[in-house]
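Structures for review follow.
Below, subunit A partners subunit B and then partners subunit C, in two separate complexes.
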Partner chain A sequence: MNKKILIIEDDPAVADYLTTLFQDNGYVTFSAKSAHEGIELARKEHPDLITLDLELPDEWGPRFYRKLSADKDLKNIPVIVISGLSGIKYAVSKAVASISKPFDRDELLKLVREHLA
Partner chain B sequence: MFKKILFATSATEACDHAARVAFDMARRYHAHIDVFHVLGVPTRGYSQVVVDLTTGDEVTLDDNYRDLVKEEIRSYYDHQIQTTDDFAITVTIGHPHREILRIARAEKPDIIVMGGSTGASGSYAHKKAATGSTFQRVAKAAHFPVLVINRPAASFWGGFSNVVFATDFSDAADHAFAFAFKLVKELNCEFHLFHALDITCFQTDNFHTQDTIDDQIRNAIAQIRFRYVSKMGDFKPYAMEVWEGIPFVEIVKYAREKQADLIIMAYNTRQTDDPEASIGSVAEQVILRANCPVISINRSVGKE
Partner chain C sequence: MPDSIVIIDQDRDLAKALKVYLERQKFDVHTAAFSRGAMEILAPATPSIILADPDIVSPDEITAIREILRSSPKTRLIIYALPESLEKNMEIFQDRASDYIRKPVSGLELDIALKKARKWLALEEKLEYNAEKITTLENDQALFQQLFNEVPCYITVQDKNFRITATNRLFKRDFGHEIGEFCYQIYKHRTSPCTHCPVSATFSDGRRHQTEEVVTSKSGEQYHVMTWTAPIRNQDGEITQVMEMATNITQIRQLQDHLTSLGLMLGSMSHGIKGMLTALDGGIYLLETGITRKDPDRTRRAFDQVRAMVNRIRKMVLDILYFTKSRKLEYLEIDVTELARSIAEIIEPSASLHGIEFDVSLPPAPITIEVDPVWFRSALVNFLENAVDACMSDTERDDHRIQFRIFLKDTGQVCFEVTDNGMGMDQETREKMFTLFFSSKGSKGTGLGLFVSNHVIHQHGGGIVVESEVKTGSRFEISIPRTRSGNHLINN
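And now, the complex of A and B:
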């Protein structure tokens, strides 16, 4: 069964790019434009991995992660932070990786494969 | 709670993360934000020739130069200024800490927001291992709470909802508690009361058994109940914990574990009122390392 990736990203161009990239590589994707929508989708779909933008319209990424990690069914889902802001590396302390925009597609796919292996 | 924010900035990259928090607070809490910048230090006395703190050049200060710097700051923070319609930009000359304290006394902000080290002087290693001297001097003498964001990682929370109050049971910590409790009530936050039992002295002192440490932990919990919880009325969303270890490490770890978006602690707690006294090393280390903003409160807070 194909692994599921939840993309939390408010920029539609980036969200579309990530969706296409992951689908072309055999993953099932879901997309959320806000932290609230992201939590709802995570609860519904139980993704295997989440990519998380830091600056979302309703919440910042760390606050989303706090909600995620408070849910016993979701807290172990690996999260990759993808953001254009500087200094993002330690923003979510338990994120498995962080990538700055613009990012290298191969680097991102490598990370995804590593954490979905 | 935060209706008037004084954001003291070098208007350089070193203050970018502090700017993120300051403007976010202004937007979130509908506050007025004063963007305050000290552009240079007079070469002597009341000279109009000043050393520009950003470029290091000597310049003659006149209204044109002042306006030019204001415009530069306006454009540097253009993106963030667009999120608020209640702001002012003030530039002045002088020694930064004195001018920040001076404007704070005049404007009486609810909070002063600053970055940590600007790295304006000293070696690279020194810059990374110490908070800024301007911050130290302001935090020591300010009559207002000082919020410091030293790491970019501390600037991505957006608002306060999960607050750690770290105490050493000093009188200064009581001041910090009063502020912290007011904040958590008004902003409807979760409140974590925390004490780090310092066991570093055990390495050189008499050996302490774990029973002794556990007794001290129980005593500390009882103190938290007596000193703070007893004053919290029917406020329910709180937790309290005592961990043994190196205090600044435990405070940072606890805040990380709780995914706190704010730490509040007293500054310089064991020192006297002597303004030349060295700063509280625990507070300094927490500020340097925390993954969230830190508000430091000294014992003069609330006296104006």
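And now, the complex of A and C:
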């Protein structure tokens, strides 16, 4: 069965890019525009991996991550932070990886493959 | 050094006797004689005292004595002569001789005459010394005055009540000849002393203090000044006055403002830029894969996305360019009613939320203006948002009201008038309000809004008139030319 990726990203153009890129590489994707929507979708779909933007309209990415970690069903899902903010490596220290926008798509795909293996 | 005396006498024996007598009294004595039609003087060129028995029948000898007196005006002349020729001598030498002594010479008479001469010489020397000192002082004072005047900063000397007692040339040029006026009145147009006054601080602790101020010149121009104060003490060490030196740093500040706002803008934009570049990457990815997969839908989506991103990036670059020299406003002809409506849509909800009445009054006939709608609109919104804040912060009354009136002026300009009955502003706030990072709102304000708004209005060739009174309210009158061609800034 194909692995599931949850994309949390408020910019529709970037979300569309990630969705297409992941689907083209054989993943099933879900996309959420806000942290709140992200948590809902995560509970419903149990994704295998989450990509997280840090600046979301309702909530900061780090807080989303804390909520995620507090949920015992969700806390083991690997999270890759994708953000345009500098110093993102420190924002969510437990994220499996952090990459900054604009990213190299091969690098992103490599990271995704590693953490879904 | 002993005083030098020259004795002029044809009677060599008498001259010798006098020489012995005077040398005993520690004079440096020389004798001279008149012979072969010339004066033979074995003496310094400028003796202190001449003791002479002039031969009144020899006009040459008289001329020679006069010659010495002329070339050395300080030399004292004491004449001694036989009673019958004494009067004649007096006629000749008049008051140029300090004493006339009768022959035979009495020692006492000679001593007194010499004493008087010496006293006179000592006084003369003292006088000369003082005159020299006064000249030096005058020169020094002139130099100090010149320095004081030429120093390239505004200097005022103030008393304990902040009354100006002295000013330099630059101050007079930009602020007028305002001796006796109050510092806060001249610099800040205030009626009472400023709250953080460096002059007052120096009066109380005797130290130098430094502040940065915004002051208004007599022609109404605003200057950023860096001020330093220094105490002026009297002989008892008490501080009687304080000198305040203010350096005009307006140009540096303007450049700094510009760079800071550019930095702020770029900082706040960098995140957006990164997002856009990522989205552009996405568009390019779609394009690549769309073409290789021969998927026309995907290619079309890619095309739309790339175009949208290019537009977004273009707009952002233009925003950045607004803060650089090459910026240009994007003029569009817009309907004033439409503009007012879109502004009211933003202001109305927050006004009504705080129980503030919001009135919009439009010109009777529809008019259009040529402006950059994005920037112009945000500038107007900023003034109105400030009016809302001013009403919210006011505790004087409950019935708050903001009027937004748009009308055509006689000059042909369009006037946007924002009136509120909120907390109002004091003179200092009014003068500093358009300065970058100046905010009267404490932690709630960034000090950016009015700075940018003022900039935008001026770029449209417009002007802002501000009237405000504490606890009564404020009125902003923003006037701009109706068309872009009416904007002389662009035409020039």
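Observations on the structure shown:
Heads up, the rule we're going with is that the second predicted complex is superposed on the first by the 117 of 117 C-alpha atoms of A that agree within 3 Å, B and C clash if a C-alpha of one lies under 4 Å from a C-alpha of the other, contacts with A are read in each partner's own complex, and residues count from 1 in each chain.
By definition in this document, a contact is a pair of C-beta atoms (placed from the backbone, for glycine too) under 8 Å apart; a residue touches a chain by one contact, two chains touch by 3 or more.
All values reported here derive from a predicted model rather than from experimental measurement.
Superimposing the complexes on subunit A yields a three-chain arrangement in which subunit B and subunit C clash. With both structures placed on the common chain, the touch criterion links A:Phe103 to subunit C but leaves subunit B unconnected. In the superposition on chain A, contact of A:Gly84 is made with subunit C only, not with subunit B. In the superposition on chain A, A:Tyr65 makes contact with subunit B only, while subunit C stays out of contact range. Within the superposed three-chain model, A:Asn76 lies out of touch with both subunit B and subunit C [touch as defined at top]. In the superposition on chain A, contact of A:Val14 is made with subunit C only, not with subunit B. Using the contact criterion defined above for the overlaid structures, shared-chain residue A:Ser93 touches subunit B, although it does not reach subunit C. Clashing C-alpha atoms between subunit B and subunit C appear in just one of the listed stretches 20-28, 56-64, 182-190 or 272-280, and that stretch is 56-64.
Overlap of the subunit B and subunit C interfaces on subunit A comprises residues 55, 85-86. Interface of subunit C with subunit A (complex): residues 270-275, 277-283, 285-286, 289, 298, 305, 308-309. Interface residues of subunit A facing subunit B in the complex, by the touch rule stated above, are 54-55, 59-63, 65-66, 69, 85-91, 93. Subunit B meets subunit A in the complex at residues 16-17, 151-153, 155-158, 161-162, 256, 259, 261, 291. Looking at the complex, you find that subunit A touches subunit C at residues 11, 13-14, 16-18, 20-21, 24, 55, 84-86, 100-103, 105.
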